[in-house]
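By written order: A, B, C, D and E. Residues from 1 in each chain.
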Amino acid sequence: MLGNFQPHAGDYVRFLPEILLTAFGIVIMMLEAVSSEKNKLRLGVLSLIGIIAAFFANFWSYSESGPAFQNMIVVDGYGVFFRGLVLIVGFLCVLTSFSYLEREHAQSGEYYALILFSLVGQCVLATSSDLIMVFIGLEISSIATYVLAGFLRDDRRNNESALKYFLLGSFATAFLLYGIAWTYGLIGSTNLEEIRRVLDQGQRPTVLAGLAAGLMFVGFGFKVSIAPFQMWAPDVYQGAAAPVSAFMSTGPKAAAFAVFFRVFMTSFHAINGRWLWLVWGCALASMIIGNFAALVQSNVKRLLGYSSIAHAGYVLVALTAASQIGVAAAMFYLAAYAVMNIGAFAVVSHIAARNERHVKIDDLAGLGRREPATAALLAIFVFSLIGVPLTGGFFAKFYIFQAALNSHLVWLTVLGLVNSAIAAYYYLKIVVAIYMREPSPATEQLPAPSASFRVAIWASALGVLFLGIFPSAVLSFASASASALR
Amino acid sequence: MNLWLIPFFPLIGFLLNGLFGKRLSKSLINMFAIGSVAISLIYIAVLLANIWPINTPYVDHGFTWIQSGFLTVGFDLVVDRLSAVMLLIVAGVGLLIHIYAIGYMEHESGYYRFFSYLNLFMFFMLILVLSANLLLMFVGWEGVGLCSYLLVSFYFLEDYATGAGNKAFIVNRIGDFGFSLGIFLTVVAFKTLDFGKIASAVSTMPVEAGISTVTAITLLLFVGAVGKSAQLPLYVWLPDAMAAPTPVSALIHAATMVTAGVYMIARMSFLYDHAPFAMHLVAILGVLTAIFAATIGMAQMDIKKVFAYSTVSQLGYMFLGVGLGAYSAGIFHLMTHAFFKALLFLGAGSVIHGLSGEQDLRHMGGLRKVMPITCITLAVASLAISGVPGFSGFFSKDAILSAAYAKSQWMFWLGAFTAGITAFYVFRAFFLAFFGEYRGHHHPHESPFIMTVPLIVLALLSAGGGFIPVLGWLSPQYPLMEHESSVAMGISAAFGIIGILIAAFIYVVRPALADRFRTAAGPLYTLVANKYYVDEFYFAFVVRPLEGISRFVLWRGMDETLIDTGMVTGLARTIRGWGSLLRQLQSGSIRNYATWVLAGSLLVIFVLGLVGGGR
Amino acid sequence: MSLLWIVLLLPLAGFFFLLFAPRDSKSPFFITLLATIVTFLFSLELIAPAIGNGAQFSSVIDPVWIHSPGLTIHFHLGVDGINLWLVLLTTLLLPIAVWASELMIKDRPKNFFALLLLFEFGLIGVFTALDLFVFYVFWEVALIPMYLMVGGWARARRGPVAVKFFVYTMLGSVFMLAAIIYLYTQTGSFDFVDIMNAVGSGHVLLSPTQQLLLFLGFFAAFAVKVPIFPLHTWLPDTYTNAPAPATFLLAAVMSKMGAYGLLRYSITIAPTGAHRCASWIIPLAIIGIIYGALLALIQPNIKRLIGYSSISHLGFVVLGIFTFSQQGADGAVYQMIAHGISTGALFLLAGYLEVRRGSMEIADFGGMATPAPGLATAFMIALFASIGLPSLCNFIGEYLVLQGAALTHFSWAVWAAIGVILSAAYMLWMYQRTFFGRARESVASLPDLSGRDWASVVPLILLMVWLGSYTQSFMPPISSATAHLLEQTSMNNEYRVKLAAPKPVQVAEVTNAR
Amino acid sequence: MHVDTVLFVICAIVSILCALNLVVQKHPINSALSLIGVMASLAVLYLLLGAEFIAMAQMIVYGGAVMVLFVFVIMLLNAGGEKASHKSWFAQIAGLPLLLALIGLLAFLIRGVLPPLRDVNFGSWVGGTAEAIGRVLFTEYLLPFEIISVLILIAILGAVVLARKEID
Amino acid sequence: MVPLSWYLLLSAILFVLGVAGFVYRKSVITVFMSIELMLNAVNLSFVAFSYELRRIDGHIYSFFVMVVAAAEAAVGLAIILTIFKNRGTLQIDEVDSMKL
C-alpha cells in the first residue's frame, strides 16, 4: 500500500533546487569548521555555485512541472518564477556580503549556510500547494532570517533587530497557524486546490472562512510588512546589517507575497468579495504610511525600510485588482523591486564603514565626485525606486496600475500615483546628496570598491535597466504563468 | 514698377551703416545715408511720373506675408494720390533733414548709429505710407515707433533721454493697443485687412447711426492715432521726446511720424465716413488738443519745447480737419506743417548749434545779427505757422477752419482763437531768441553752409507751399467741400496777426511787461508753465499704483506668500507634518507593535468575518 | 534605418561615446558639439517629407517595443507640421547650448555635456512620439537630465530648487500617466493614431464624464510644465538658479513640451472635456499673460524677469490653443517657435552677462552699453523680438493668437492684448537700468561679445528676422497640420456630444470605480 | 454527570488558571511553571480527544525538553522580576479592550456561527495512535517531515552562531 | 458529553491569554513563553478539529508545531542570551533604541 506513496524521479526533479541548496548548505557548514581564516572566500564562492546550480535545477524542474510529493508542492510557472527570483536575490546578496563579512571579521561559513537554508524555505514557499508546506517553509525562511538579522552578536542594533523580528514574527506566525487550524477544521483539508473546491461549493459558512482567511492574512501581512502589520520593518531593516536588510526586504518578502497571492487568489477566491475592500484599504494605508513617514527620515537604511512598506502597498494594489494581469504585475513588480532595492542597500553597505557608522543621507554627500560609477548606479536604483521610465521600477508601477484600472480601481490608482510622486521627494534627497553637495567625511575616506561589490551593483543595475527597457521576456513569462492562479 | 524698391534703398543704407558704420569714414556714412534716401526720392519721382495721373490706385502685390485659414495678409504696397503726396513729403523733407544732420551731428559720437537709425526710420515710414493693408501699416506704425525710441534715447548716457525714450515707446504702445484691437475687429467684421476689399465691403453698408462695429473699429484705430500723433490724453511723450537730437525732432516729431495718425484716418476715410460718431469725436478731440497744447506753449522757456507743444496743437488742427470730413484739408495742413515745423525745428537746431547746446530762451536774444539766415528763415516759418495771409500755413489752416465754420461754430471759434495763441507763442519765442540783447554767455555763430541750405529750401517751401494744389490734386479721392468762406479766412488771419502784434509789443517794445504779466497771472501761469501737471498726474495715478500693486500685492502677497509659501510649500509642509505624525506609530516598543498587530487582526477578522458582502 | 532613427539616436550614441571620453580635456566638448551638429544637419532632412505630407505623419518609425500577452506597445514616432519645427528648434538650439556651455560651465563639464545629449534625446522623443506610452517615457527621460543639470550646477540653493522642479513636474505627470492607462483600458491601445481613428470612427465612445477626467489628467501634467497660472511658482526659482545653458534650454525648448502636449493630445483625445474646460482655462491663460507681465515689471533679477515674461508669453500659446480656431492654433505653434528663439536668445545673452559680471541682479549692472555695445545691440534686438515688434518673430505668433481669440470671443483679445503693452514696459525698463546710463566702474571694464560668442547669437537673430518677415517658409505645414487636428477635434467633439445625450451602453462607467 | 465532562471541566479550569497566572506573574520562573501546568492539563484533554501520541509528545517534547530549556535559561541569566516602565503606553491602555474584543469575537463565532459539532466522549475515536501517526507521517506527509529537518538544522546552527563565545 | 465547541472555546481563551501575556508582560522570556502558550492553544484546536473530522492530519500539524516550537525555542533563547550579554537586562521595554 506504500506503493502509490513511493516518490518517483519526477518528484525529486521538481524538488531538486531545494535539495541542492540544502546539500550545499550542509557542505559549507562542514567546511567552515575545517577551513582557515584566509580561504573563507571559497565558502562564499561555493555558496554562489550552489545557488547557480539551484537556479539551473529550477529551469529543469520547470520542464518537469507538475505536483510532487502527494501535492505537497506544485511546480508551475508561478512557483518557478518566484524560485528563480529568490535565487537571484540570494546570489546578489551573497555577492554584496563578501566585503561586508570581511570588514566585520565575522565567520562567514554559517552566514552563507544560513542564507542557503533560508533560500530553501523561500523556494518551498514559492511552490508549496499545501498549508503545511506554507507553514514550514515560512518558518524555515523566517528562523534563518532571524539569525541573520542578529548575526553580529556583539552589535546591539543587530541584537535588537533580531529580537524584534523574532518575537513579533513568531507572534504573527501564531495567528497564521490559528488561521490554518480553522481552515483545516472548516474544510477538512489544507490543500489549496481542495480548499478552493470546497469553498466554491459554498456549503461552508463564509463567516468562518472569513475568520480563517483573516487570521492567515495577519500572518502573511506581517511577513510582507503591509499596514497595519508594518511596524517591525523599519526597525529591523535599520538594525540588521545592510546586506541582510537587502536580503530580508526582497527574498523572504517576495516568497511571502508569492504564497500570499497563491492562497488568496486560489483558495479564498470564492470569498474575495469579503477581502477585496480590506486589501484596498491596506494597500492605501501602506503606501501612505510608508511614503509619508519616509519623508522625515535621515537614516538611509531606515528610509529604505519605510519605502519597502510603501512598495508592499503597491504590490497589494495588484492583489486588489484580483485578476490575471494583477498577478503578473505583482510578479514583475517584486522582481524589479528586488534588483533595485538590493542595489541600493549594496551601495549603502559600501558607504557604511565598520559597524555601519555612516548610514545617514548626509554621509552619501559628494559620492558623485568620489566614485562616479557607484554614484551613477545608485542614482539609477533611486530613480527606479521613484518609478522613472526606462527603469524596472517604472514599468512595474505602470503595469500594476494598469491592472488596477482594468478592474476600475480609479481612485486607488490616482492615490497610488500621487503617492509615488510624493515619494520622489525623499528619494531625491539621496540624489541631491550624491550629486549636488560637497563630499562628506564618509565619502572622503571611502575604501576602493571591491570586485564582488562592483559585480553586484552592476548586475543589479543591468537588471533594473533590462526590466525597464526590454520587459517583454519577463512580462510574457509572468503573465503566462499567472494563469496558474485561477 | 516695383514699389518695394522705395523703402528698400533706405533699408540698404541702414544695413550698411548699422553693420559696418563703426569702421566706415564719415564721408562714406554720409554717402550711404543720404544716398539711399536721395535714390528712393528720385525713384519716387520717376515712379510717379510713370503712373501719372494716378486715377486708380497703383497696387504692387508682394509675397504672402501671413496665411492662416481664411486670413491672408500680403506684403502689398499701393500708391494713390494720397500716398503720392505723403511719399513726396516724407522723402523730400526727410532728405533735407538728412543733409542738415550732417552738419548738426558733426561733433557727436555714434555718428553712424544716428544715420543708420534715420535710414531705418525712413524705411518704416515709407512702409507705413505705402502699405495696402492694415497689418502692414501696423508694421510701419510700430517700426517708426521703434526708431523714435532709438533716436530719443540716442544720448543713452543721459537718464532724461532714455527715460523719454521709454515713455515715447510705452505711451505709443498704449495707442497701438487700440490700433491692434482695431485690426482684430476689422478681421472679425470684414474677414480681410486689405484696404481695397474693406472699402468695397463697407461701401455696401449703411452709414451707422450709433456705435456699432464700424464705429468701434474706427474708434479703436483712432486710439492708435491719438498715441502716435500725440493727442489728448496721450500727447505727454512728445514734449519729452525733444531729448532727441534736433534733426530727429524735426523729421520724426514734427514732419512725418507724428502725422501718421492723420494719414491713417485719411487712408481709412471709407470707414470713417460710415462712422459719423467717430468723426465727431476725432474733430472734438482735435480742437481741444489744439487749444490745450497752445496754451502750454505760451509759457515754455525751452525753445524746442515751445515748438513741440505747437506741434501737438497743429496736429490737433489736422485732426479737426479730417474729423470734419475735410480730409484733403487735413492732408494739406499736414504738408505745410511738415514744411514750416521742420523749418522751425531746424532753425531752432541751428540756433542751439550756434549756442553750442543752449536751448533756454532766457539765455538767448539778439541773435539776428550773428545768424541772419537762421533768423530770416525762422521768421518765414513763424509767419507761416501764424497763418499770415500768403504764407503756406494760411491756406491750409484756412481750409480746415472754413470747414469748421460750415460744420460747427464753436469749433471754428476755438480753432481761430488757437490760431491767435499760436501766433503769439511762436513769435514770443522768435523775439526772445533774435531780438533784444544777448543774455547768454556763449559765442554765437551762424551755422555752416550744409545746415543753412536746407533751411533756405524749407523756407521757400513754407512761404510758397500754400500754392501747391494739394486740395485739387486730392479731390478725386476726397471731394472738396465748396464753402471757401471769406469770413472764416478773415477771422483766422486777424487772430493770427493780433497774436503776432501782442507778442511783438510784449517782447520787443516793452520787455518789462512780460514779467508783470507773469506775476499777474500768478497761479494760472505756474499751472500752465507746469503743463497742467499732467505728467505728475499720470505718474501718481497710473505708474506708481501699477508698480506698487505688482510689487506688494501680486509679487510679495500673491506669488510668494499665497501661492508659493501657501499652496506649494504649505502642501509640502502639511505632508511632512503627516509624516512626522505617522512615524510616531513606530514607538520602537515591541509590546506596542504587538498591540498594533492585535488591533489589526481584530480589524481584519471583523471585516472579513462580519462586514464583507458578496462581490 | 529611417531618418528619424538617426536623429533620435545620434544624441544617445554621443552620450554613450562620451562616457568613455577622458574627463579633463577638450574632447567631451568636441564630441558633444559634433554629435549635436550632425543631429541638426540630419534633422534638416526631416523638413521636405513633412512639408510634402501635409497633415499626415512623415518619416514614421513604428517597430514593436514591448510585446507580451495583453500588452503590446509600439515604438511609434513620426513628424508632422506641428512637431517638425519643434524638433528643429531643439536640434538647432542644442549645439548653441553646447557652444555656450563650453564657456559657462567650468565644473565637471563632461557630466554636463553628457546630460545635454541625454536631454536632447529625450526632447526629440517627446516631440516626435506618436504613442502615449512612448510619449510619457520620453517626457520623464527629458526631465531627469534637466533636473540633474539644474541641481548639479545651480549657483545657489541647489537641492531645494532641483527637488521642487522635479517633484512639481512629477506630481503633474502622474495624473497624465493615470489618464494614459485609463485611456488604454478604454481603447485597448496606446497608439495615438489608432486611438484617434477608433475615437473618430466611433468604435470607441468616451462619455463626457470620462473625457473630462481624461482631459484633466493630461492637463495636470501639461499645465505644470507650461506653466499655467497658478502652477508656475517652480519656474522663477528654477530659471533664476539654474546654470545659464540649462535656463536657456528650459525656456527655449522644454517649456514647449507642455504646450505641445496640450495641442497634440488634450484637445484631440478629449475634445468635449477640452471645450468644457476652456471656459476656465482661457481666463487662467489671460491672467497668466497679465500676471506674468506685471510681476516681470518689478523683478530685480534679469533671469527672474525673463522667466516671468515667458510665463506671460506662454499664456498666449495656451490662449491660442483653447480658442479652437485655425488662427489660434497656428499662432500658438508659431509662438512656441518664436518664443523659443527670442526668449532663448535673451537667456543666452543673459548668460553672457552673467559670465562677465558674475551676477544677474539688475542693480549690479548699469551702463553696460558703453563697455559692451555689441552685447547691448544683440540684447536690444532679442528684446524687441520678444515684446512682439512687427517684422520680428514673436509678432506673428501673438498676432495670430490674438486674432484667433478675437474671432472666437473679442473680449479675450482685449484682455490679452494688455500684456503686449506691459511687455514693452518691463523689458524697456530693465534694458534702461541694465545697459543705459553712464557705465559704473564695476562694469566699465567688462569685455564685449567675442566673435566666438557672436557665433552663437547671430543664428538666432537671423531667425528672428526670418520668422518675422517671411512666414511662408514655416507656416504652410503648420497650418495644414493644425487644420487636420482641429478637424479631428471638432468632429470627435460633435460626435460625442451627439452620442452623449443617451449615455452609450458600452461605455464603462467611471462611477463604479473603487 | 459524565466522567469526561468532569475531566474536561477540571483540566479546562486548571489550564485557564495557569494561563492567567502566566499572564499576571511578574517573575519569569512562576510563569514558566504555570505554563507547564497548562501543558499538562492540555495533555489530558488531548487524551480525551483520542490523541495519544500527541499527548505523549506534549509531555515529552513540550513539558520536558522545551520548558526545561526555558527554566534553564531563566536560571542561567537569573532573570529577576520585572520593573515597572511607562514605555509602550499604547499596549497598557489599548491592550485590555482589544483582548476582550478579540475573545468576544471568537466566542461569538464559535458559539454562534459554528454549526453544531459532535460531542466528545472518551474512547469513541482513538485515531491518534503512534502507529497511525507514523504511517501518515512517512506516506502523505513525507516531504514536510523531511524538510523540517532543515528547520532543526537551522535551529542548531543559529543557536551555535548566536550563543557561542568568540574563540579568537 | 462535552460539545466540541467547548474545546474550541477553551483554545480561543488560551490563545487570547497568550496574546495578553505578550502584550502585558515586560520580561522578554515571559513574552516568549506567551507565544508558546498561543501555539499550545492552536494545537488544541487542531486536535479538536481532527476529532471532529475523524482524521489525524490535525495531529500531524500539532506535531510539526511542537517541532517548530522547539526550534524557535532554541533560536529565540539564543537571541535572548545575546541581548542579555549586550544589555544586561531582559526588560523588553528597554530594547527600543531604534524607533521613529
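By our rule, a residue touches a chain if its C-beta (ideal position, glycine included) is under 8 Å from a C-beta of that chain, and two chains touch if they have at least 3 such contacts.
Given the structure is predicted, the values throughout are model-derived calculations rather than measurements.
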{"item": "Touching both chain A and chain E (chains)", "value": "B, D"}
{"item": "Pair of chains joined by more contacts [C-beta pairs], D-E or B-D", "value": "D-E"}
{"item": "Innermost chain, taking as reference the mean of every protein Cα atom displayed", "value": "C"}
{"item": "From chain A, the most remote chain by mean C-alpha position", "value": "B"}
{"item": "Centroid comparison with chain D (C-alpha atoms), farthest chain", "value": "B"}
{"item": "Separation of chain B from chain C, taking each centre as the mean of its C-alpha atoms, in whole Å", "value": "37"}
{"item": "Mean-CA-position distance for chain D and chain A (Å)", "value": "31"}
{"item": "Chain B and chain E, separation of their C-alpha mean positions in angstrom", "value": "96"}
{"item": "CA centroid of chain A to CA centroid of chain C, Å", "value": "42"}
{"item": "Interface hub residues of chain C, defined as touching at least two other chains", "value": "none"}
{"item": "Per-residue overlap in chain A, given as positions that touch at least 2 other chains", "value": "132, 136, 139, 143, 146-147, 150, 153-154, 162-164, 167, 171, 207-208, 211, 234-235, 276-277, 422, 425"}
{"item": "Touching two or more other chains - residue numbers and ranges from chain B", "value": "583, 586-592, 594-596, 598-599, 601, 605, 609"}
{"item": "Chains that touch, pairwise", "value": "A-B, A-C, A-D, A-E, B-C, B-D, B-E, D-E"}
{"item": "For the chain C and chain A complex, residues of the former touching the latter", "value": "66-71, 108, 111, 133, 136-141, 144, 148, 151-152, 154, 158-159, 162-163, 166-167, 170-171, 173-175, 177-178, 181-182, 184-185, 213, 508, 510, 512-514"}
{"item": "Chain E partner contacts - residues on chain A that touch it in the complex", "value": "132, 135-136, 139, 143, 146-147, 150, 153-154, 156-157, 159-164, 166-167, 170-171, 174, 177-178, 180-182, 184-185, 188-190, 234-235, 238-239, 302"}
{"item": "Complex interface listing, chain B residues touching chain D", "value": "587, 589-592, 594-596, 598-599, 601-602, 605-606, 609"}
{"item": "Complex interface listing, chain B residues touching chain E", "value": "583-584, 586-591, 594-595, 598"}
{"item": "Chain B to chain C touching residues, read off their complex", "value": "63-71, 135, 138-139, 141-143, 146, 149, 153, 156-157, 159, 162-163, 165-166, 169-170, 173-174, 176-177, 180-181, 183-185, 187-188, 546-547, 549-551, 554-555, 558-559, 563-564, 567-568"}
